[in-house]
Structure formats: C-alpha cells, structure tokens
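These notes concern the structure reproduced below.
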C-alpha cells in the first residue's frame, strides 16, 4: 500500500469546477432555503470564471446540482441561443460532462435568467433562477440589517405602501418584473426579474425553484407545492402582461409571453420569448413529429 | 402640601397609563431619574421643562423606542399586560402600531417625505393588516380630514408641504387607527405662531371630539396651558412638581416652576 | 339640612422663592356650608377672598387645614384628594364662576356653553338646545350664538361665560365677582339663575364687589379682613 493508492490522482480542478467544500456549503444552504421557503440564506459565493452579475449565483447552484447524468438547459430571457446562455451551457457541460438540451421537457436542470419556460415543469425538474437583487425590501429599506428584522417580524406594510403609491401616482401597479410575492404565507421574496406573466407559474408548482444571487451572496427557494402569492390589494387584482392575444410573427404561436420587435414604420411585431417553444411550434407546422408539453397558459389564460 | 400618588380616592378610576420609577442614564448623564406618572382615560398630561430636562426621553420611552435602566410601564388595554418595557421588539412594534400614536417635532422622524400624504397615513393601516385599497384611501382621507388637512392635497408628498401641514399629516397618521394613547413631542415647536395656534386648535378639537388620552411634551408653557389637564414639570431628568394645570400655572410651589411660570411673557 | 362643605383651620400663604419670602393670605379659617346656603365672603382688597375660593377649588395649594366635601360619590378632603378626583368633581359637582371667559379659537359660543352638559353625558341636541336657552336668558344676541367668542366684546364674553358656568346645576358653586361689568339684564338673569339653583340645593360661596346685587340670596357673611378673627355675621347686619 502506498500513498498514491490511497489518494486520488492530481486533477487540474474538482468535478463540476467548484471544490467539494464550496458545493457542500451551497447544498446546505439550499436545504435550509427549502426548509424555510422564501427566506434568504447567505452563502460564500466563490469565484467562477465569469463576472459577478452575469449569473454567477445561478451557475454556482447549477454546478453543485449537476452530475454526469443531468441534462442541462440554460436560457436567457427565454432564449437558448443568446451568448450568455450558450456560454454558461457550454461551461456546465465542459466541467461536468453533463449532456445539454434545448428542450424544456428533456431537461433535468434548467438555469434561467428572467424567464420561466412556458411548458409546465415536472416534479423531477429543478429550475435555477439567476437573481441580481434578492432583497425585495431594498427599495423601501436601504439598511439591510433593518430589512432582515422586517423579514423576521413579517413587517411588510411598506411593500404594500409601495403598491399604494404606484396606484395613487399612476392609476395602476407599475411593478413589472421582480414582482414581490409572499411565499408560503410567511416571507416576501423577489422572484428574480421574471415578468408578472411568470409569477403564477411558481404557485403550487410541481418543481423545485432555487433562486440565487452570486454578487449579493444570498439564495432562496420555492419548494414544490408551495404557495407563491403576488402582493396585491384585496380589491385590486393581480394582472399579468396583456400578451394573451398576441401572435408570434415567426412561429404563429398564440397566447404566450412575447418579445416586442419594433418595426421601421413605427408598428411592432411580436415573437415568442420562449425560443425553444417557438422552434417546436414551427417544426410541428412543418409536419415534424414534435412533442409539445402541457403549458401553464392555455389560449392566453392561466389554467 | 403635595398630593401623594396614593392619595385617597373618591372614585376607583383605573389609569390608562402607569409609569413607575423610570430611570435612564447615558454614560454619566442621568437623563431620566425616578419618574412616575399616571394618566387617566381622556386626560391630557403635559410635561414641561427646558431642553435636556429629560422630557423627550421619557416620551420616547412611553413610545417604547427607548428602554429605561429601571422602571415599569403599563397600559390598561385588553391586549397587553405587565411591564411593557419587557416586551420584545415584535410585540412593541405591534402595540405601537395599533394603539399608540406619536407626533414628533421633526416631521422627518415621523413621515416618509417623498411618499404621498395619504400613503403616509395608509402605512399605519397597512401595518395593522388593512389590505383593501379603497378602504385604505377612505380611512386615510378621513384621518387627514379630522386633522384639518386640505383634501385636495391628499396625494402631495410631505416634502412639498409647509411645516404646519406636515404636522397635520403626522397627526392624521397618529389617529388613523384611533389610538388609545397619543404622544406629542413638541408638536408645534418651530412653526409660525399663527400656524401653531391652528395646530393646537386641531389638537384640542380632536381631544374633545374623540376623548383621546394624550401626553404632550413641550418647553412652551402656552402650548401646555392650552391642552393639558395636568402638568408635570421636569428638570435635569427629575419631576420637580406635578399638579392640576391651573394649579401649576396659578400657584406654582417649587422655585423652579415659579421661575418658569414667571418667565413666560 | 345636609352639609356640603366643612372647612377646618384652612391656612394659605404664598412662598415666593425669588424673593425668599412668604406672604400669608389667610389663616385658620373654619366654616361649614349647607346645601342651598349662600355664603358671602367680604373683606378689603387683598384680604384673600378670591384666594379662598381658588384654594377650595384646588387652583391654589393650601398650607394646612381640611376641606371636607360631601360628594355624591362619598366624602373627601379636597386639599388631599387625588387630581383625578378633583377633575371629576370639577366636571360634576363643583362650579367656579369668574368674570373671565376662557374662549377657545374656532369653538362657537353655543358649543362652548353646551360643553359642560356634553361632558356630563347629555346628548348633543339636548345640550345645544339648553345652551341656546341660556344664551338667550343672559341676553346674548342670537346672531352671535354660532360665532366665535374670541372676537366678542368683554361684556358679551362674560355672558357666554356665565351661561357656560351655570348651565349645569352643581352641588357647590364658587362665585368670583361674576357681576362685575355686567349690564342690568344679564345681572338680573344671573341673580334669577342663582336663586333658582339655590332653591334647588346648590351651596354657594361668593365674592361680590357690590353685594347688593345678590342681597336677597345671602344667608351668611364671613369677613376675611386681617387682624380680626374671622367671625360670622348674620345677613340682617348691614353688609
């Protein structure tokens, strides 16, 4: 028996890029976050070969969760093909050997920036959202120590006050993305800058969502079958973007969240934000054998 | 002849507020020494004294913002019992939000200067759990109206308002939930004399219409004389004299009180 | 006859700390007062007549003595009673009538007069109706009822003040020169009201510049002039 037979061979890096202790810390924090839905858990946030603010929080969670059998999908504002999404996907595959996919239905792990796919996620899938600012109270309480006390006391009157002010000034709630939502009836969280359209998808969802902010070093979670209720007044209902009637100019898909494409003549056309769903719709129209999964919205209405 | 706290009683009235032997030091400075007070429902207690007499510190303790080194504080309310100084942060916050209103001398302490005036009032209702927009707006308007705030300025932010108007917003905020106790810390100091009279008048009316129990702190004897039923004179953290307002002003016993009353123009 | 007040060895002086001196007002005064009795205090200026009234009302602090008041709640020494009780008695049983009105900005004359009734628990419409009756009785012009007394002349203010002070029948009424500078109509109304209250059992202690105004009401006189032991006189003696 020699020392070399007891130890591993030298490798240029650990499996999945992060060292074991970093992954262990993130795993623990994820478990905590799942145990207290919506509550922010601080973590160390290691260096990864990407600038802070470009999805390092999501990447660290993905690197921790990934194994050689995990099928990985990465999207950026719904698109699989943006530079950021493509490079994160390639990085994840290179350091873990995990297979990648563009199809939501095939993925085990979906890292996303600012969107939730239109096809319903299943209990065996994990959604990782990149979060720029995890603290919903920041706009109303710049002092983070006091903000934490407010979370502890469930002191969220100021959040409603913010909505009140918006209605008073503009006649409606102006909050677009990052709509503050009450998780499990206890903690208010920011769902990351997903559009209002996507927030109801988190409510009582089958899948686990981990939201992670690398620059701010905090992560929180929405476990499966957990209530996620956007903060609203009892008499001013929550409204999603009015995209239900819009038709994608490229795929013909209707009733999903769209990107607006301004035209030279001043009008706009629209294109479906979930690019893979758009691709599948086009293939289906061309007669290919495509499996379109069940969607959260049907004919533009939440089902 | 002084009146003892345990003076014989004709009627067994229960004080709303009882503070006993409250003392607090900051380092070597004893800000409040052994102050005791009782306030009965519907009564207005005035606390006078010069700057640094400890009167504002005492008031902040009544608002549970400060905890004394020693002493007890009870309110005769169904939802609380025992020494309020022993309540934890959460219980204090809920009690203050729901049952105690305060108006500060400096509106910046009490108001969100860039939010709407109605929103400032609505915040208190939100803390108490009101979640209907129309209801919030209505009740905020009512409270502002009761404070004689011009309703056409309902949504103007306090930063754009005059000092007198800012005090009215604070007052509306303080009374929005019909508090059991209203605390006023120099509510008219720094206002023009004419505006001061209007704010005092509003306070007086509110007191009479709603029979609110108040503790008002001021170095201005005129303010105390206008509002208070009973007066406590403080100096260097201690109470030098306490009595019925007319007695304090007409027949002050303590040398310091005499000096104070006679210095009044 | 039921006793209302028993004053025993009442002594009052003022300590003026800035002069380092004390000023005696009166010493060792004792008297009883029955329900429906009218007691006139007389003496030179400075003899302590108003001081005695204010001491009984607890606006002034006495040095020693006892003032036993028979309240409907029980018997209590006014000099030592808790302030909350004094406030209660002032609301319900002891009235103090001066010539000065404590007018408040933006409170109408009728509201001011109705206030004692409101505080005693009468309904707003009843209190207002009663207030208007007494404003009329004391000769306050109807056009002024809904105006603010802060702007009134001294005479009109005094009428409002009397209406307010006498609207609620009380057990003990302390009168501090209420007739000074009143016109004859108001004075007649005042005397009539006092007679009515007296007949209904209100005990009164009064200081009057011109006791002739209320000569018919006086039962007893106490002379507070110093150097003479305060002795009681009958009202058949020339005042």
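By written order: A, B and C. Residues from 1 in each chain.
FYI, a contact is a pair of C-beta atoms (placed from the backbone, for glycine too) under 8 Å apart; a residue touches a chain by one contact, two chains touch by 3 or more.
This one's a predicted model, so the numbers in the text were calculated from it and none came from an experiment.
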Chain pair showing more contacts of the two, B-C and A-B: B-C
Most remote chain, CA-based centroid, reference being chain C: A
Distance-to-centre winner among chains (Cα means, whole assembly as reference): B
For chain A paired with chain C, centre-to-centre distance based on mean C-alpha positions, whole Å: 79
Between chain C and chain B, distance of the C-alpha-averaged centres to the nearest whole Å: 32
Separation of mean Cα positions, chain B and chain A [Å, integer]: 49
For chain A, residues contacting two or more additional chains: none
Chain B-touching residues of chain A, taken from the complex the two chains share: 149, 152-153, 155, 157-158, 160-161, 164-165, 167-169, 233-236
Contacting residues of chain B [partner chain C, same complex]: 1, 3, 7-11, 13, 15, 38, 40, 43, 197, 201, 204-205, 208, 229-230, 243-244, 246-247, 250-251, 253-255, 258-259, 262
Chain B to chain A touching residues, read off their complex: 89-90, 93, 112, 115-116, 118-119, 122-123, 126-127, 131-136, 155
Sites on chain C touched by chain B in the complex: 14-18, 54, 58-64, 71, 73-74, 76-77, 79-89, 104-107, 115
